[in-house]
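Across the two complexes that follow, chain A remains constant while its partner is chain B and subsequently chain C.
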Partner chain A sequence: MYRKILFSIITLFGATALSAQQGNLELKTTAAKQEVVVDDEGNQTTRLIPVNTAVPGDEIVYTVTFSNISTESAENVRVTNPIPSQMAFIPGTAFGPGTDVSYSVDGGETFGAPEELTIADPEAGTRIATAEDYTHIRWTLKTPLDAGAQGFARYRARLR
Partner chain B sequence: MKSVISHLRRGMKLALTMIVVGAPGVALAVGTPSGTSVDNRAQVDYEVNAVSQLPIESSPAGNSTPGLTNGADTSFLVDNFVDLTVIESGGVDTDVNPGQADAVTTFVVTNTGNTTQDYALTPTNLVGGAVFGNTDNIQANNLRVFVDSNGNGTYDAGVDTATFIDSLLQDTAATVFVVVDIPIGAANGDAANVNLAAVTHDAGSGASSPTAETAGPDTAAVDVVFGDAGRDGTEADDDSYLVTAATLNVQKTSAVISDPFNLTVNPKAIPGALMEYTITITNTGTLAVDSVRVTDVLDTNVTIALGEYNGGSDDIIIQLGTAPDAFCTADAGDLDGDGCGLTGSTLEVDTGLTVGIAAADNPATIRFRVTIN
Partner chain C sequence: MKHISQIVFGAVIVACWTSPSFAVGTPVGTSIDNVAQVTFDLGGTTLTQNSNPVSITVEEILDLNLLAQTPQRSVQAGDADQWLLFTLTNTGNGTETFQISSNNVVAGDDFDPVAPAVTIYFDSDSSGDLSPADIAYVPGSNDPNLAADESVDLLAVYDIPPGLPDGSRGVVELSAVAATGSGNPGDVFAGLGDGGIDAVVGASGAAATTPAEYVVGNVQLDLVKSAAVNDQFGGSQPVPGATIVYTVTVTATGTGTAVNSVFRDPIPANTTYVAGSILLNGASLTDTPADDAGEFTPSPAEVVVTLGNLTAASGAQTVQFSVTID
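What follows is the complex of A and B.
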C-alpha cells in the first residue's frame, strides 16, 4: 500500500523532480574476479565473485550497469570508464550489447578505434597505441535507451 | 593463489571444484604495492529530447544523482603478495685453503613481492650431495651470516655486521655473505657445501615476526598471499667451498760424481767418493706453496762437500722450474743469513722458496754434494 502511494507520487511529480534531484539514468560499477566452476560431469559455469582484495597479476572484471529509471528515452548514451592506473587493460575484452567501443590514450580527451590511436614516440615519431596505453574506454549506445531499459558494459584488466 | 573454496550448486548435492581464471603470480617486474586501493568510477553522458543532461557517475550500489563528485568509487585493496628469490652469486664454488678463517660465499636475496619485508637468514652445513659438481664431504666451522651494509658486494669484517635483512623494499635486493672457517685438516678436493635460507618476516620487526599467510577466504582487509615456490615465504640456495690444498711431492736421488781411483770415469760409491744429492719438490696441487723449508739430516757416513758450485764459492744449488740456478752456502748456523746452513749434521734450506704450479716455478730442485767417509 505504501509502495503504491510512493510510486504514484513519483509518477505525478516525476518529470520535474527527476531532472532537478535525480538523473534519468542510474549507473553502477562492480569489480569482480571471474571464476569457473566445474561440476562432476565436467560442465563449466562461469561466475563473478565481487573482489575485496587482489594480488598483482590478478584479472579483474569491471562491469558498468546502466538503467534508465525515468519515463523518458535517453539518447546518445555514452558510458565512459577510466582504467585505474594500477590496472592493465586486457585487449579484446571490452564489450557491451548494442554498443560501439572506443578507447582513449590521452586521458579521455579523444576517443577512437584501436587502429586510430597513436602514441608520440621520441624515436619513431608515432606508433600505434597498445592496450597498455589505454586510459579510458567508452561504450556508445547505437540506439536510444528507452525508459525502463538497462544494459551493461564490461572489460577485464590485470592488476599491475 | 586465493584459497580454493568448494561450492555447492543450489539443488544439486555435487561437490564442485572451483578454478580461478587468470591465476595470480604472473611474474611482474613491478607489482602494485600492497595496501593500494584500486579505485574505479564510470560516467555516463546522455541527452533527453536532444538536450544534454548532467553526467552521472557510478557507485558500487548504483547512483542516479547527476553531477560530478556525486558518485562513489568501486574499489578493492591490493593484498600483500609475498615473493622472494635467494640466488647464489657468481655461479661457481669458492676456493679455500685448509684452516682458512672467514671464508666467504655470496648470495643475493631479492624481494619480488609487493611489500617491504624483513628477512631472517639461516646458514646451514649441507651433508652430502653435490653443489657445482663438488660432493660435500667435510663440514665448515663457525657458520655466520652477514648482510652487505654498504652495497659494495664484498664482505667487510666488522662493517657488515647485520645478521638479518631489515626492511627490504619491493623489487630491491640485498647481498648476503655466509662466512665460515675451514677445518685445518681439510685436504685438496674436499668440499664443504652450505645453504642459505631467507624467511619472510614483517617489515620493521627485526626479523622476529614471521609473515603468515592469511587463512581462509578473501577478506576485506589486506591479506597475505604467498607466491613463492612452495608458498611458504622461504627461499634458499646452495654454495660450495672447495679446498685447494697444496700438495707437494718430494723426491731425493743421488749420483756418484767421482771417486779417488776412477776419478770421474765410471766412479763408484766408495769411501772418499764425491756424491751429489738432488732433492726434487713437485707441487701437484692447484695452489702455489710458499715458505717451503727443506731440511735433510746427513747420514753419519757422509760429510758435506763445500765450495762445489758457482766457481767454488757456494755449496748448494737451488733451481726453481725453468729459472736460472741460485746458490747459497751451507755454513754452520747460517751466519751469513742466506737461508742455508748446517746445524750439526742437519742441512737446512730456508730461502723463502715458493713452488708454484706453472712450469716456470715447478718443480724446485735443490742439489748439494757430500763425500763418503
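What follows is the complex of A and C.
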C-alpha cells in the first residue's frame, strides 16, 4: 500500500519535471477553482482544486510558481502572464509575496501601475485603463532570487 | 395629406419592447491556454523561460431566459384565440433544444382561460401577434433548437370565457426547459453537452416559468386628430418649409381598463419630424426612449407615447407633435 503511493508520487513528480522547461529557473502554471469545504462541525476551509474545464462565469485562480534551480542568484526576476482573452481579470486579485505588480494594456510592450495606464478613446481622448483593458500582468521581485529559493505569483479571472 | 394615427392597447408595441442583452459566454469547446514567462539576469546574462501551458476547456452551460413581451392584455369576455407574446432566448453557450408548455390554471387570478386545440404557436412571421402563417408548436416534434444567444418568439393562445365581469384577471404561465436537463445551478450532466463535453446547469436552473395575464374590460379608445399649419410667412399655407402641428386626443369610453396603451403615429411621407416637439397633455417629452413616456423612432419615423392604463375616468389624453413639409 505504502509502496504504491510512493510510486505514484514519484511518477507525478517525474512528469512535472519533464513538462517544465529546462533551464535555470523552473516555472510552472496551474489553473484551479476555489472550493469551500464545510466539515461536520461547520468549520469552513477553502482549498484550490486544479481544473481543466470551466463554464462561463466560473472564477479561475491562476498560480505561477517559480524556483531557482541554478547555483547562482538570479537578479531582476520578473514573471509575466498574459491574461487569456476569454478571461476577465478580477481587479485587485494579482498578488505575489515580495513582488511589485504592474499591468500592460498594449499586449505586453509596456507595464505600469493601474493609475499610470491610459487608453486612447476616440470620443473622450484618453481615459484611465480599467481591469477590462489589461492584457498582461507582471510580478517584479523586489530582491534577487537566491539559488534554491522559490516563490509564487497568483491572480484570479472570470471566464467570460 | 392623409395621415392615420394608431393606438395599440393590450399589446406592447415593438418600439417599447424590452430587449435585455444577454452576454453569452465563451462558446462551448473553446480551449483557453495560458503560458507564463519569466525574465531574469544570471551571471550578467538576461534569460527568458516559459512555463508549461495550462489549458482549460469550456464546458456547455445550460441557461435560458423567458420574457413576457405582453405581460398584460385587454380582452373582452367571450373572445376566442387571444394571444400573449413571449420571447425565449438561449443564454447558454451551446446549441440547445427547449421543451415548451403552458398552464392556464394558476392560483390567485379570477378566471381560468380556456384552452383551444392549440395553445402554443411560434410567431413564425414575426408579426408580434397571432396570424394564419404562425406554426403550431407540437411538443417533441418541433421543439425549438436554438444556437447560443438565439431567440424565438412564442404565442400562448387561449379563449376567454363568456360572462366575466370587467376587471377579471386570468393568468397563463408559459414554461421552457432545456432538453439536456435542468435542476440546480451547478448540476452536471456528464458527456451530454455539445460535442460530448459535460453540460452544467446555469443560474436559471435551465428552466423558466413566466406568467402573463388577460384583463377583461369592455373599453374602447377613441382618437380625434387635428392639424394646424403655420407657414414661414406668418400664414397657414401648406408650402415646403411650413410647420404642421398635429393634435390627437385619446379618450377611453365604456367600462374596464385599456392596459398598456401605446400611442403610435408614423411621420407622414414628405415631411420631417421636428426634434423635441412631443407634448403629452401640454408637458414636453424627450425623443429619447425610456427616459419618459415619449419617444421618436427614426426608422421607421414614428412618434410613440406610452399612455399606460386608461379608463373612462382617465379623461382625454392629448398628444401633440410637429413636422415640417419637405
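Convention: the second predicted complex is superposed on the first by the 138 of 160 C-alpha atoms of A that agree within 3 Å, B and C clash if a C-alpha of one lies under 4 Å from a C-alpha of the other, contacts with A are read in each partner's own complex, and residues count from 1 in each chain.
As a working rule, contacts are C-beta pairs under 8 Å (C-beta built on N, C-alpha and C of every residue); 3 or more make two chains touch, one makes a residue touch a chain.
Computed from a prediction, not measured in an experiment: that's the story for all the values here.
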item: Chain A as common anchor, with chain B and chain C clashing or fitting; value: clash
item: Touching partner for A:P56 - first (chain B), second (chain C), both, neither; value: both
item: Touched partner set for A:R158, first chain B, second chain C, both or neither; value: first
item: Per-residue contact with chain A, leading partner among chain C and chain B; value: B
item: Contacts of A:E116 with chain B and chain C, given as first, second, both or neither; value: neither
item: Contacts of A:E72 with chain B and chain C, given as first, second, both or neither; value: both
item: First, second, both or neither for A:D39, with chain B first and chain C second; value: first
item: Touching partner for A:T29 - first (chain B), second (chain C), both, neither; value: both
item: Segment of chain B that clashes with chain C, given the candidates 110-118, 308-316, 326-334 or 344-352; value: 110-118
item: Shared contact residues on chain A - chain B and chain C; value: 19, 21, 23-25, 27-31, 51-57, 60, 62, 64, 66, 70, 72, 74-82, 84, 86-87, 145, 153, 159-160
item: In the complex with chain B, residue positions of chain A that touch it; value: 19, 21-31, 33-40, 45-46, 51-60, 62, 64-67, 69-70, 72-82, 84, 86-87, 145, 153, 156, 158-160
item: Interface residues, chain C side, partner chain A - complex; value: 23-26, 30, 32-43, 46-47, 49-61, 93, 197-198, 200, 202-203
item: Residue ranges of chain A in contact with chain C within the complex; value: 19-21, 23-25, 27-31, 51-57, 60, 62, 64, 66, 70, 72, 74-82, 84, 86-87, 145, 153, 159-160
item: Chain B residues touching chain A - in the complex, by the definition given at the top; value: 1, 7, 9, 12, 14-26, 28, 30-32, 36, 38-50, 53-54, 56-66, 71, 74-79, 81, 114, 218-223, 225, 227
